[in-house]
Each structure stands twice: as structure tokens, then as C-alpha cells.
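Two complexes come next, and they have one chain in common, chain A, joined by chain B in the first and chain C in the second.
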Partner chain A sequence: MSHSDTIPLHSSSQSDIDEIENLINASVQSGPATVQPARPPSPPRIPVSSSPFLQSNLPPPSTAAAKLPPLPSSSAPPSVLPATVPAPAAQPPHGNSAGSNNYAASGFGPAPNTLTEPVWDTVKRDLSRIVSNLKLVVFPNPFREDPGKALRDWDLWGPFFFIVFLGLVLSWSASVKKSEVFAVAFALLAAGAVILTLNVLLLGGHIIFFQSLSLLGYCLFPLDVGALICMLKDNVILKIVVVCVTLAWSSWAAYPFMSSAVNPRRKALALYPVFLMYVSVGFLIIAID
Partner chain B sequence: MDLNPPPEENYANPRTCLFHVLFKAASLAFYILSALFINNFVIIFVVTVLLAALDFWVVKNVSGRILVGLRWWNEINDLGESVWRYESLDQESLARMNKKDAWLFWWTLYLTAVLWVLLGIFSLIRFQADYCLIVGVCLTLSVANIIGFTKCRKDAKKQLQQFASQAIASRVSSTLQSAFTVV
Partner chain C sequence: VESNLQTFPPSGAQGKISGASRPPRDADDSFSKPVNGIEEPQQPGGWLRAFSVASYKPYFDVDTVDVLERIKDSLFPFNGSFNEKTTNNPDLYGPFWICTTLIFVAASIGTFVTYVAHKVEKKEWNYDINVVTWSAGLFYGYVTLVPLALYVILKYFSAPSGLVQLFCLYGYSLFIFIPTLCLSIVPLEIFRWIVAGVAGFMSASFVALNLRAHIMSAGERWFLIVAGIFLLQLALSVVLKMYLFTVTF
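For the complex of A and B:
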């Protein structure tokens, strides 16, 4: 990239870019152990130390080192961030950079020339992560470990797509007032997820805000499927059956996570609103024609 | 912060700067212009929010690192607690960062948020609740990035101060020690 630029680069920047490119080429380690994506960021609810600011020339703290293979220090010039930083989320479908597989290990992340990298690589990787999160949450999985720990690698892209998709399907199914339907569906689901999470937290439960948002979003998947079927076939009886089945599936998917987060005596208090929200979405699906 | 870009150098990463600005501008432009041409709220919503989300990702993962050498993210550690991590390049690399890039980065970040607030005020005045929804989502994304990067920068400065004071303290103590041994 730097060689084809006609704008003369600042000399120090040129050397930085060269260092980065060398590093990318030299690095052979692959794939992030944990991929963080995240959208979120509002200021953290749990006051947490803004933890070790990793200096590139200091040895990384052990907690971070446990997660990723460290970059070979011999090839790490001082301007490169240590590779023990978990790879930042790969997210978006538009994959500007962050495509290559050895991206986690290359410390400073995607080199400038991955901006022109094919979009498909990033799309595929992101989709595979969304799919794996989805499988973890929604489908029966006997080998699933402690449900409270699931969705450690939370991401909000899956929920975003599912909510928008549900809104779109409902909007398409509606014969009048399409915009209002979409807006109501989106607002209901988004605000509902936030409120449900707050509910759990206020009940004294132990759940991470964004993890819970992510979870509730992923649990919408069955309802998405149900809404799609209802849009395609306009029979009322079929709609009722489909909605009941998908509603049960959604609630079943959300149950283990929510219930493990709260005191057993308060399980019903935490789960009832979730069920209520899914029921209201179900009614919306049935009622729209 | 000054209003004019530092004059003495060119952009070091023009392509990154372009992408940094591209999605923000596209999202704002689409929102503003679409009201003139497109009558369908759903399309406006989906496209604007999608562009804003892409912009969020680009700023957080690409331009933040390349233009200002900062990065922030959230992890859930083994105890199940949420940890916000901030990271930046070490001091000499930070000093070597292109000033113009950094100027562009911060200015466009703040400017976008301000523009979304203005657009939000317009739609409030017109009592268009559904357009307020779009503005709300886009504003949340912009503000999120601003908060994340500002905290990251403060953390970087704090670390730098700690490091410097540690260095001074150790110098002083070693000087004292050597002084006493001589005496």
C-alpha cells in the first residue's frame, strides 16, 4: 500500500507501516482464541479496573497471556502492540481489514493492506462466529457446559440481525402501516431486552449486561423462523401452531441462562417477563395479516 | 483542539482516514437525503443503522489502532466478571503518530455525534418518533466509541505518568544509594 501512494508519507509513518507489514508476513500464528466483538460500550456497570495497559515492551500479564499465544518477541518492534491482546472483534460484514487469519498474532492487528482484502474472508469468519454462538444458545446441546458461562464471547451482531430481520418480516407481512410495525417491533425488542436484563440485575442476579442482551437477541431466532413461515403461509391455524412451537422453543432456549443467573427462589420472577415478551411478539406475528 | 489540521505533514494513512470518514458520512448523508427521495421508513432505518454499525466497527477496530494507536474492548474473565480493557502503543510510538491523522480521527468522531444530536433535535421538533429511533441508535453507537476512546486515552496518559514517576522514583533511590555508598 505504501509503495503505491502518491502522497509522500511521513518518514516515521513509513517505517511503521513497513514494520507492520514485516510483522504480518513473519507471523505464522493463527486465529484468535477468543474473538471479541462487541458493540456495546456504555460505561461499565461493574466498576472494573481499566486493566493493565499493555506496554509493548513489557511482558504481558498472565491473565491475558493465558488466552492467546504471545507474539514472538524477537520480531516485535517497539511500535507494535503485543499479540496477547485478544483479537478485536471481527465483525462486520464489510470486512475492512481484519481479514487475515494470523491477525490475532500480529499484535497491531490488520495491516493497512488488508483494507483491500476480499470481503468474503471476514464475512465468512464473522458468520461462523455468529453461527457458533447461535448453536450454543438455541439448539439442544447435551455437551453444553455451565449455561451461565455460555456466550462469553458475546457479540451484538447476531441479535442486531435477528431483531432487524424480525422487524422486516413483520413489516412485509403487514398490509398497512408497514413503517409503524417495523418501528414498534424494533423498539419493543430492543427496549425489552434492556429492561429484561435490568430486571435480572435488580433481582440480585449475576449476569453481565451485554452478555444478557446478546443472549436474549439470539433466543429470538426461533421466533424469526416462525415469523418467516407465517409470512409465507397465511393460514390462521397454521400460524397459531407455528407460533406456539417457536415460542416454546425460544423460551426453552432462554431458560437455562436466565435461571442460572438468579437466586433459585426468584427464578420465576426473572423468567416470567422473558416469557411475556416472547408471547407478545408471538401475538404480533399472529395478528399481522 | 485547534480548528485547522497541523500543516506540516500529510496524512500517513490516507486509506484508513478515508474509511474512517466514509461510513460516518454515508450514514449521515443517507439519512438526510433519503427523506427527500425515499418514502419508505424501513429502508431508511435499516440502511442508516447498518452504515452506522459498520462505522462503529471500522473506528473501533481499524482506524482507532492505525490512526491513534488506541484500542478498547470488553472481556468476560473466568470469574464471570466484565472487564474493560484499554490498550495503547508505548510512548515513543505514540509520539511518532501522525498528528494529522489523530486530528482527523478525533474531530470527525466528535463532529458526527454533534450532527446526530442536531438531527435528533430536528426530528423531535417535528414529532417524528420513528426517526428519533434511528437517531437514537446511531447516536448510541457514536457516543460509545467516543467514550471508549476517551477512556483509553486517559488510561494511556495515566499509565504514562505512573511509568514516569516510577522511573523517577527508581532513579532517585538508586542515586541516593550510590551517594551513600560513596560516602
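For the complex of A and C:
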């Protein structure tokens, strides 16, 4: 149909049509129609393997290559991911380091059948993504292979857990007005993340809203640890020391991506509010007894 | 053969399927396209614009040095040059973050002061979470409502001033309370009153002097308005002192 048209198509229409044809062909091969689960929109991603057989951290390319041939013929448990079996066979590996790709959000193949897989697989996949994002954000390693991975694979579960956990720990530590403490902590953190992102956007920075929320949420992890320690051991000097250390760690984790998002002349304007929010959270941790 | 596809007339935004008379465009065309305002993402029109981020961007068009310079100007109220610098480029970054910092500093120092006072008296002390919410209400409310009221009043007296400029002025005028609060840790009551008084005076004169030239054109009532502004700012300073540092058991 695309060849007999006399009306010239927009350049992106042709690729859309190709994409649709690919999906039709691929789904015909895979048998039962797979329902695409709603996924959060994300910038163009290098697909991350989601199969429980592979770790979500980057597998070494050699094992990925070795996995491709056995996968179609392997004795995969029949209840899990039937649609991924033809996917690697149908699509040649697209030059990426992650090896076999079975994420349909990239448009390169049918989705793993996330509606029929066991719940534990879904939970494990999300948990492993949270852990990998956490390692990438909070322990930034200058020598890691793929610096942009945490940005591409952002999710909001991790930040949600950390914010709620911090609110809960503060609430448990408080001796009076526990529910108000939780409310103030949660509101401060959630509204703070949104306001910090808006601040960067208003200063003319380039950042994606949910990606920034995700990263700011992950940077709360050191403060969570600090709050837990302060709850267990109620000594003012210890609290001050612990809070200072974890505060510095959180700020250090948030610094690279916040500062790279704005014009260098406005870097301090973007970083100061981040620092302010973490200091106020730290103060809350010290003050609650 | 006539196509059955619906063709949309080009309406500013380039449609995907434009008229048949157009030759196919290649990728280079997008770079040579004349700038005609399409580079902005789809903006809501009318009153919905108040809810889009892009419509507030012009008020955040400041660099770090600009903000620091404006803060320095607010500390020396008798220079009177703040207004000239900000009339054409008022910013909302300063007011918002100065207020927020002030809330945090007020809450933390108020808490610290009451903590020390209670410990000295060997009394039981518990963190009062409401300090944060009350300070937030006080400062945000002051910086939002007073400029709004002043805007209306000035309009009534036909000496209109831009609303954003007023927000900017009031926001920066609160900066001096930050060092004031830090100094108020000193447990001498008379010292605290002196510090609060001086800060209130400086802040009030900052606001009054910067508005005076503007208000003088409002007629013979200008002195009342300026005096009113001055006293209001002093009152804020007194409220601050009393609310945060009065220790009740």
C-alpha cells in the first residue's frame, strides 16, 4: 500500500508503516495475539532483557550471543514468556550490548506476555530494575559501561518505596503526633521532587519530568539509611554525624544529573534547592525524637 | 487517481500529508525551515496558559550572578537601584526560593531555640511539626497576598505597577530576615528585639523607597500608602519575633 500512493508521505509516516508491518508479521509468527501492557513512555531505549533467565544488569556479550541459539530450542518452562521464544529468532540482534531483546516498547518485536506470567516474575523484574537503578544512581561508578542506563530505565516504584519508607521511619521515631509527622514528611518529599523538577524546567533546563522525579527519589536512599540508623540509636551527636554523612552522599549522588541539565551559568540556581530539600529532610530526621 | 485520503490544509503546523503539489521533502528541509514560531510545543490558549510551564519561563530568565546581585541590593535599601534593574526582567525565582529558605530557617531555628530553652529548664520537649506548616502559611501568604492587595490599590489610585514586579520586590525584601533569624539564636531577649527591629526597618524601607517614586504619581495620598507598606513590613517582623521565639511551657 505504501508503494502505490501518489501522495508523498511524511518521512516519519513511512517508518510508522514499516513498523506496523513488522508488528503484524511478528505477531503472526508468534501465534496468540499479545496484548501490549501499558508502559510508561520513556526516551528511546536500548531494550533491556526482561527474561528471568537473564539478569537485568548488563550480561557479558558472549553469554548473550550464546543464549540466542539455545533459546528457541531450549526447554523453557511453558508457562513463562512463550512469545519471547520466536522473537530472537525472528529479529536479528540489533547492534546493542544488551543481547537478546524482548521489550516491545522499543517496537522491535512482540511483548513478553506479561499478563500471563507468574506474579513473582513481574515482581522480580521490577525489583531487579529498582536495584539496578539504585546501584547506578546512588553509587555512580565513573568506569561503568553504560552511564545513561539509569536515565533510560527510570521507574517510579523505587522512589515511591523510598519516600514512603522515610515517612514511616520518621513517624515511628516520633513520640507524639505520629500521623502528622508522616504527612509532613511525605508531602515535603513528594512536593519537593515535583517543585525541584519544575524549577529546572523553568530555568530553561532540559530534563524529562518523570525521569527527574525518579532520579531524585533514588537519591533519597542514603537519607533512608540514615533515618533508620537514627531511629535505632537515639543519641543526638550520633544523629548529627550520620545525617551529615548521608546528606553529603545524597547531594553528591544528585549533583551530576542536576548540574548537567541546565545552562552552566545557572547551575547554582538549580542545585541550591536540591541541597535545601535534603538539608530540611536531614533536619527533620535529627529533630524527630 | 484522486486520493481518498483526507488532506489537511497546512495550518501553521506542518501536516503529515500535505497537498499533492508538494514535492517530497528530504531530511534537510527541516533545517532550512524559516523560524515561524512552531518550535514551541503545543501551547494551550487563553486562560489555560496559566497552567502551562512555558508561560512562566520568562520570569525565571536569570543567571546566578543576577540573583546574587539582586540579593545584595536588597541588603542596602538606601541605594534605591533595585527597581531599575528589575523593571524589565522581574524574576520569580528569587521570591519563591527566598521564601522557602526562610520557612526552613525559621522552622529549624525556632525549633532549636525552644529545644535549648526546654533543656535548660529540664523540661520535656517534643518537636512541634506545626511550626513548619505555620511558617509556610505565614511567609507564602505574606508574599502572595500583600503584593496582590497593593496591586489592586495602586490600580485604584491609577498608578499601576506590574504584579510580577511587586512579587519580585516583596520576595527579595524578605531576604534580610534570614541572617536575622540566624542571629536570633543568641538567648538575650533585648538583643533579639533589637535585631528584629533593625531588620524590619531595613526591609520596610527597602520596599517603601523602591515604590516611592512610583507611588508619588498617585496623588496626595501617596504618603499614606507608603507609610502603610512600611508599617506592614514592620508588623511582619514583630510577628516573626513573637511567634518563633516566645517560649511557652
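Just so we're on the same page, the second predicted complex is superposed on the first by the 163 of 289 C-alpha atoms of A that agree within 3 Å, B and C clash if a C-alpha of one lies under 4 Å from a C-alpha of the other, contacts with A are read in each partner's own complex, and residues count from 1 in each chain.
Convention: a contact is a pair of C-beta atoms (placed from the backbone, for glycine too) under 8 Å apart; a residue touches a chain by one contact, two chains touch by 3 or more.
All values reported here derive from a predicted model rather than from experimental measurement.
Once the two structures are superposed, chain B and chain C can be ranked by residues of chain A touched, with B on top. Of the two partner chains placed around the shared chain by superposition, chain B is the only one that A:Ile208 touches, whereas chain C remains out of contact.
In the superposition on chain A, no contact is made by A:Tyr255 with either chain B or chain C.
Contacts of A:Glu180 after superposition on the shared chain: both chain B and chain C are touched. When the two complexes are overlaid on their common chain A, residue A:Val164 makes contact with chain B while staying clear of chain C.
Within the superposed three-chain model, A:Trp154 lies in touch with chain B and out of touch with chain C [touch as defined at top]. Across the two superposed structures, the residue set of chain A contacted by chain B and also by chain C is 5, 7-10, 12-13, 180.
Taken together, the chain B residues at the contact with chain A in this complex read 9-16, 19, 40-42, 45-46, 49, 53-54, 56-58, 60-62, 65-66, 71-77, 80-90, 92-93, 96, 98, 129-130, 133, 141, 144-145, 147-148, 151, 155-156, 159, 163.
Chain A meets chain B in the complex at residues 1, 5, 7-10, 12-14, 16-17, 34, 36-46, 48-51, 53-57, 63, 78-79, 81, 85-86, 88-94, 96-98, 108-110, 112, 115, 148-149, 152, 154, 157, 160, 164, 167-168, 171, 178-180, 182-183, 186-187, 206, 208-211. Residues 5-13, 174-177, 180-181, 184, 198-199, 201-204, 263, 265-269, 272-273, 276, 279-280, 283, 287-289 of chain A are the ones touching chain C in the complex. Within the complex, the chain C residues that touch chain A are 1, 3, 5, 7, 15-17, 20, 22-27, 53, 56-57, 59-65, 67, 93, 97, 100-101, 104, 108, 111, 115, 126-127, 129-130, 132-133.
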